Amino acid sequence: MEGLGFYGFGALTLLGALLMVTSRNPLHGVLWLVVSFLGLSGLFGGLGAHFLAAIQILVYAGAILVLFLFVIMLLNLRPDDVERMPTFSLRGGVGGFLVGVVGFCAVVGSVVMGTGAFAKPVAGLPPLEAGAADVAIPLFSTALLPFEVVSLLLLAAIVGSVALTKRRLP
Amino acid sequence: MGPELAPFAWAILFAPLAAAGVAGLLVRRRRGLAAAVAVSGMAVGLLCTLYLLARSLGAGEGEPTGFVHNVDWIRAGAFTARFGVVADRLSLLMALVVTGVGTPIFVYSIGYMHGDEGYGRFFACLSLFAFSMLGIVLSTNLLQTFVFWELVGLSSYLLIGFWFGKDSAVEAGKKAFMVNRVGDFGFLTGIILLCWSAASLPSFAGRNPLDFADLAAFYRAGGYEELAKASPHLLGLPVPALAALLVFCGAVGKSAQFPLHVWLPDAMEGPTPVSALMHAATMVAAGVYMICRVFFLFEPFPEALHAVAWIGGLTAFMAATIALVQTDIKKVLAYSTLSQLGYMVMAVGLAGATAGMFHLTTHAFFKALLFLCSGSVIHACHSQEITEMGGLRKAMPSTFWTWIIGTAALVAVPGTAGFFSKDEILAAAAHGEHASLPLLVVGLVTAGLTAFYMLRCTALTFFGEYRGHGHPHESPAVMTLPLWFLAVPALLVGWLGFPLLFHGHPWFQGEFGITGVKVHEGPHEFHLPLALVGTAFAAAGGILGWMVFGARRIDAAAWKERLLPLHTLLSRKYFLDEFYLWLVRTVQQGIAECSDFFEQNVLIRGVVDGLSAAVKASGRALRELQTGSIHTYVRFALAGSVLVVAWVILSAARGGNG
Amino acid sequence: MTPLLAALPPVTVQHYLLLSGLLFAVGLVGVLFRRNIIIVLMCLELMLSAANLAFVAFSRVHGNLQGQVMVFFSIAVAAAEAAVALSIIIALYRARGGVDVEDAAEMKG
Amino acid sequence: MEPVRFLGLSPLSWVVAIPALTTLGILFTPSAAKNAVRRIALAGMTLTFGIAIWILVQAAGDVGLDASARVLPRLAQKVEWVRELGISWNVGADGMGAAMVFLTSIVIFAGVLVSWSVEDRTKEFYLSLIALVTGVFGVFVSRDLFWFYFSYELAVIPMYLLIGIWGSTNKEYASMKLTLYLTTGAVCALVGLLMVYFRAWAFLKTPYPSFDLDYILMARDAGAFDATWRGMDFQVFAFPFLLFGFGAIAPMWPLHTWSPMGHAAAPSAASMLHAGVLMKLGSFAILRIAVPALPEGAVWWMPVVAVLCMFNILYGGLVAIAQKDMKFIVGYSSSSHMGYVLLGIASMTSLGINGAIFLMFAHGVMTALAFALIGFFYDQTHVRTIPDLGGMSHQIPFIGTAFVFMSMASAGVPGFANFASEVMVMFGAWQGGLKWQAVVAVLGIVPTGVYLLRAVKGAFFGPRNPRWDGLRDAVTPFQRLPFLFLISVLLLFGFWPRLLTDVIGESADELAGLLARAGGG
C-alpha cells in the first residue's frame, strides 16, 4: 500500500510538473500544476503529514493557483506562438548540463549521506501522524516568533500588491 | 659697568622697532609725524650707544668694559635658545657706526623722500632695518644673530623694492632676498652643525652651544681640538673648520662676497638713502662684523682663514675692475663698496678681526657720505648716468666738497680715514701672521684701481661741461647738513686707529669683546715704507684716471676700442649675472617643471586617476553581468548552488576518508 | 498488482528525496528556458514544493514536526511571493503589453 | 582634585558642545535671516575662542606645577555611553591639545568673519562650516578612540559639501577626490584602531572592551602589543595602518595630491579650515594615538617617515615654484611645510616634536591668513593665476601689505611663529640623528622664498594695472579684523615663542621619552 501510494502519487506529481513546464498555454500550465500539487498532497499524506496535505490543496492548489488563473484570465493571455521550447542551442546545452550536474550531485549526495535512517524503508520508521492540532503545538510555542514574522510578511505582501496594482490616475 | 645698564642696551635695540611700529601702523598717513618718530627712534639709539660707550671707556682698572644680558627665548627638552643683548667694546663700536651713520641718513631722507607716496612706509621700513641691524650687533648668540640676519634680509627686500610699481626694483629686491637666502642656508647649517657637535661633547656640559661667550671660552680652552677629534672629517675638513666656513657662507651672502655679490649692484634700485645706509654702511658690513664676532671659530684653522682671505681678495679685485667701466653713478659706488667689502673680508682672513673692523668703521662713514652725495646729485640732475652730468662743481658746491672729502678717504689720501685702515690691511698682508704676497699684490693693485675709477667718476660728474638737461641746483639744507656731518668723521675717524696716537689707551688693548677678539698682538707699528708704496699705487691710479677723464690727455674712446673684449667682459660683469639667470631660469625652473610634470602626470594622472580609472573599469566590467535578464541571474544562482553543493559533497567525502 | 509492487524495492526516504530532486530539476528547467513570466513563476512554485516534499520527508525520518512547521512557513511565504509577483506581472503587462521576461531588462547595468 | 565644571560640563566638553549648539541654532534660523545666521555663528565662535584662551592660559599656568596643583587634569570628563563596547564621552587635554584647540578657535573665528560676504545659501554654508569645526574640536579634545574617529569623519563630510557647493575650479573632482582620499585614509586608520582595541581587550581580559585611550595605554604598559602576530611584531605590523591612514590627511608624500586641489577648489573659509586645521588632524592623530599606543612600531617606522618628509619639503617646494594659480602655490607650500611637521615627529626628540606641534599651530594660522587674503581678492577679480594678476598693491594696499606679511611668515622670516618652529624642527632633526634631513630642511628655505616672492610680485607688485581699478580694499575695521587678528597672533608667538613652546613642552617630553624607551628596549 505504501509503495502504491508513493509510486502512484509520485508519477502524478512528476507528470503534472512536466506537462506544466511544457505547456504553451499558461492556462493549461496552471491546470497541470494543480494536478501536480494534488499528487504532492497525496505524497504528504503518505508521509503522515495530513495537515499539510490539506493545506497543500486548500492554500496552494485552491487559493494560490486560482490567483494565477485569475491573473491569466484578467490579462487575457493567449497561447504564446512565438515561444517554443528550444530544441538545441548552446545556451540550452550549457543549461541542461548544469541541471544535469545539479541532479547528479543531488543523487550522489543523497547516496553518500543516505546512510542510516535515510536508507530504511519508510514503513519501518516509527509512525508519525500530524494533524492540525499536532502541528499547531510547535507552531505556537517554539516557532511563535517566525510565525508572527510570517504574518507580518503577509501583511506587507498585501499592502505591496495593492500598491503595485493600483491604477495611477492620469 | 654691569648688567644694571641692560635697559640702555635694550633701548638701543627696541627704540627703532617701536618707531617702526608707530610710524608704520599708527601715524603712517601723517607724514611729518612718521618721520619725526623714526628719527627720534634712531636718535634714542644713538644717545644710548654714546652713553654706554662713555661708561665703557670710563670703566676703571679691573672693571669689565662690557656686559651680557640674556633671557630664554625657546626652551624645549635640552635645547635652550636665548635672546639677549651684549654691550662689549666690539658691539658698542659697531652700534656707534650703525646709529652714527644712521641718524644723519634718517634726517637726509626727510628731504630726499619729500613728496613720495609711501613716506610713512619708508620710515617704518627704515626703522625696521635699524632694529634688525642693531639686533645683529647686540646679539649674544648664533641663533639670535641668524634671526636678525634674516630680518635684515627682509628689510632689505622691502626697501630695495620700495617702489613696488617698478618691476626692476621688485626684481632687485627679490634677487637680494634670494641670494641672501642661499648664504643663509650655509649659515644655518653651520650653526646647527656647530651646535650639536659641541653639545655632544661631555666637556661642553653646562654651556649653551649657541652662545658666543660659552663657545669662545670653550675654544679658548682648546675645545676645538677635542671637537675636531670627536667627529670625522666632513668634505675633507675637520668639523669645526667646516662649521666656520658654513657660517662664513652667511657673511658671503650678506657682505656680498664673490660668488654671492650679484645682488648688491642691483640693490641700487632702492632709494638712495637706503643705498647709503644699508648697502654701503651697515647691512653689508654685518657679514664682516659677524666674522669678527665669531673670529674664534676661524682662528685655529688656517685653511678656513685662507679661504676667507682669498674670497675677500678676489671680490676686492673683481669688483674694482667692474667699477672701472660703470656709467651709473650709484653702480660705480656699489662696485666700489663691493671692492671695499672684499678688502675687509681679506683683512679678517689675513690678520684678524681688528683690521677688518677698522676698515669697516672708516668705510661706513665715507661710503655713506659718497652715497648721500650721489643722492644729492641725482636729486639735482634727475638722472643717474654720469655721462649726462658734468660741471656740477659750480652748481653744487657743498655736494662737491663733501664728495671730494669722501673720495679722498676712499682713495686713501694720507691723513684721511681710509688711509689708516687700508694701511693696516696692507700691513697684515705683508707682515701679519698669515702674510701672503699674492694678496698684498691684489690689495695694492686694487688700491690703484680704486683711485682710477673714483677720479674718473669725479671728473665726469663735477668737472667739464654739463651734459644733461635742465638746471641742476644745490640740494636743500636738510640734505646738505648731513653731508657735512658725515664729512667730519670721514676725514678724522681714521686717527682713532693710528697706532701712535691712541694705542696706549687700555680700551684698545687686550681682548676686544666677549668672544675674545685680540687687538694688536705685540707692538703693531705704523709701516712707513708700506704706506708709501700703497700711496704710490693709489697716486698712479688717480693720476691715470685724471689724465684720461679730467685733463683728457689720453683718448678714452680709442683705448676702449683697443681693449674692447676686456671692456665687454667688465661691463657685462664677467657674465656672472647671465650665469645666475641661466641657473634660475633654466636649471631651477627646469627642475621645478620636471617635478610639476611628475606631480601632474605621474602622480595625479597616473597613480591617482589610474586607480580611480581601474575602479571605474572594474565596475564597468562587472556591470555587464547585470543583464537585467532573469535567466542570466538564475544561471548564476544555479552555478553558485552547484559550487556550494560540490563543496559540501567534496568536504563530506574528504571528511569521510580522513 | 501486488507482485508488481513487490518487485519494486521498498520505498525509502531516499525515494522521496529523489523525487524531490526531480521535481526541483523540472522546475529549474522551466525557470531557465521558459519566457512566459507566468510559467516561470509557476516553475518557481514547483521548486518550492519540491523543497517542501524534502522537508516533510526529513520530518518523517526524524520523527518530529520541525520539518512540517517549516513547510507551513514555506507555503505562507510562497503565498506572499505569488501575490507580489502577480501584482508585478500585472503592472508589467500594463506597462509593456506583454509578459515576456526578456522584454523586462530595465535593470541592465 | 575637584573637577572643573560649568553647568555640569567641563570646558573641554563645552568646546565641542558650543559649536554643536551653534549649528542647532543656525538650523532653526530661517534661511532668509542671513545676518542672524552670521551673528549666531560669530557669537558661538567668539565664545569658543574665549574658552580656548582660558584653556591655554590654564595650560600655561600648569607648566612646572605638581600634578596635584594643576588645572588641566581637572578638566577631564568621562561619561559612559555604551558599556558593552566601551564607548564613553571622554575628553581631556594636555599642552598639545590645548594648543590645537586654541589654533582651531583662532582659525574658525577668522573664518566666520571672512565668510561674512557669502550670500549664496548662507545658512547652509555656516551650518557646514561649524559642523566641520565641531568635528575638529572633537578630535582635539577626545580621549576616546570611538569619538576620536567619529569626530574625524565628522570633519571630513562637511568639507565635501563646502567644496562641492560653494567651491570653484573643478570643484566636483576636487571634492570627490578629497572625500575619497580622506575616508580611505580614515578606514585604513580604523583598521589599525580596531586592531589595537581588540588586542588590548584580548590581553587585559576585562569583561568589556574599551575605546578609552587610557585603557589602551594601560594595555600597552602591560605588554599587550609586545607579542608577535602571525610571525610579525604586532607593533610593527599595526603601526603603518595608523601612520598611513592618518598620514593621508597630514598629508604625507605621496598621499598629498588631494590637498592642493582641495585648497584650490574650496571657498575661502573652507580653505582656511582645511589647510589651517584639517591637515593638522593627521599629524595630531599620529602624536595622540599612534605613537603613544605603539611606540616600538613608531621607532621602527619613523625612518620611513623621515625619508618621505624630505620629498614633502623639497618636492613640494619645487612643484610650488612651477604653479601659476595662487591657491595652488599656497597648497603645495602647505604640503611642503607639513613635511617639516613630519620631520619634527620623525626626529623623535623632544625639541623636534615640540617644534612640529608649534609649527602645526604657526602654519595653521599663517595658511588661514593666506587663504583669507587670496579669497578676498579672488571674490572680486575672479582670477587667481599669476600672469593675469599684478600691481594690485596700488589699489588694495592693505591686502597687499597683509599678503607680504603672510609670505614672510610662510618663508620662515624671524619674528613670525613659523620661523621659531621651523628652526626647532631643523635643530631637532639634527639632534635626532637625521642630519641629511636637517640639511634638506634648511635647504628648503630657498625654494620657499622663491615661490613666495614670486607670488607676491606676481599678484601685488609691478606697474599699476587699470584692470584692477575697481577693486575694493579692506577699509573698515570690521573687514580688517580677521587679517590683523591672524597677523598679530603670528607676531605674538613669533616674538615670544615660549608662550607656546613651554605649554607644549611636557607633551613633547613625554612622547620623546616614550620613544626613547621604546627605541632602547
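For clarity, chains are labelled A, B, C and D in written order, and residue numbers in each chain start from 1.
Keep this in mind: a contact is a pair of C-beta atoms (placed from the backbone, for glycine too) under 8 Å apart; a residue touches a chain by one contact, two chains touch by 3 or more.
As the structure is a computational prediction, the values presented were derived from the model and not from experiment.
A.B. asks: Give the identifier of the chain nearest to the protein's overall CA centre, each chain being represented by its own CA mean.
C.D. replies: If we average C-alpha coordinates per chain, D lands closest to the whole-structure average.
A.B. asks: Between B-C and B-D, flag the pair that has more C-beta pairs in contact.
C.D. replies: If we tally the C-beta pairs in contact for B-C and B-D, the bigger total goes to B-D.
A.B. asks: How many angstrom lie between the CA centroids of subunit B and subunit C, rounded to a whole number?
C.D. replies: A distance of 94 Å separates the two centres.
A.B. asks: List the centre-to-centre spacing of subunit B and subunit D in whole Å, with centres computed as mean CA coordinates.
C.D. replies: 36
A.B. asks: Taking the mean of the CA coordinates per chain, how far is subunit A from subunit D in Å?
C.D. replies: 65
A.B. asks: Where the centres are mean C-alpha positions, what is the separation of subunit A from subunit C, in Å?
C.D. replies: Distance between chain centres, rounded to whole Å: 4 Å.
A.B. asks: Pull out every residue in subunit A that's touching 2 or more other chains.
C.D. replies: 95, 99, 102, 106
A.B. asks: Would you please write down the residue numbers of subunit B that are in contact with two or more other chains?
C.D. replies: Residues 635, 638.
A.B. asks: Which residues of subunit D touch subunit B once you look at their complex with the stated criterion?
C.D. replies: Going by the criterion above, the answer is residues 177, 180, 254, 257, 315, 318-319, 321-323, 349-351, 354-355, 391, 393-394, 404, 408, 412-415, 419-420, 423-424, 426-428, 430-431, 438-439, 442-443, 445-447, 449-450, 453-454, 457, 460-464, 496-498, 501-502, 505, 508-509, 512.
A.B. asks: Touching residues of subunit B toward subunit D in the complex: what are they?
C.D. replies: Residues 72-79, 81, 143, 146-148, 150-151, 153-154, 157-158, 161, 164-167, 170-171, 174, 177-178, 181-182, 184-185, 188-189, 192-193, 195-196, 588-589, 591-593, 595-596, 599, 603-604, 607-608, 612.
A.B. asks: Mind listing the subunit C positions that touch subunit A in their complex?
C.D. replies: 1, 5, 8, 10-19, 21-30, 32-36, 38-39, 41-43, 45-46, 49, 52-53, 56-57, 59-63, 65-66, 68-69, 71-73, 75-84, 86-91, 93, 99-100
A.B. asks: Flag every residue of subunit B that touches subunit C in the complex, lowest number first.
C.D. replies: 622-631, 634-635, 638
A.B. asks: Please give the residue numbers of subunit A that touch subunit C in the complex, ascending.
C.D. replies: 2-4, 6-7, 10, 13-14, 17-18, 20-21, 23, 26, 29-30, 33, 36-37, 40, 43-44, 47-49, 51-52, 55-56, 59-60, 63-64, 67-68, 71-72, 74-75, 77, 80, 83, 85-86, 92, 95-96, 99, 102-103, 106-107, 110-111, 114, 117-123, 125-126, 128, 130, 134-135, 137-139, 143, 146-147, 150, 153-154, 156-158, 160-162, 164-165
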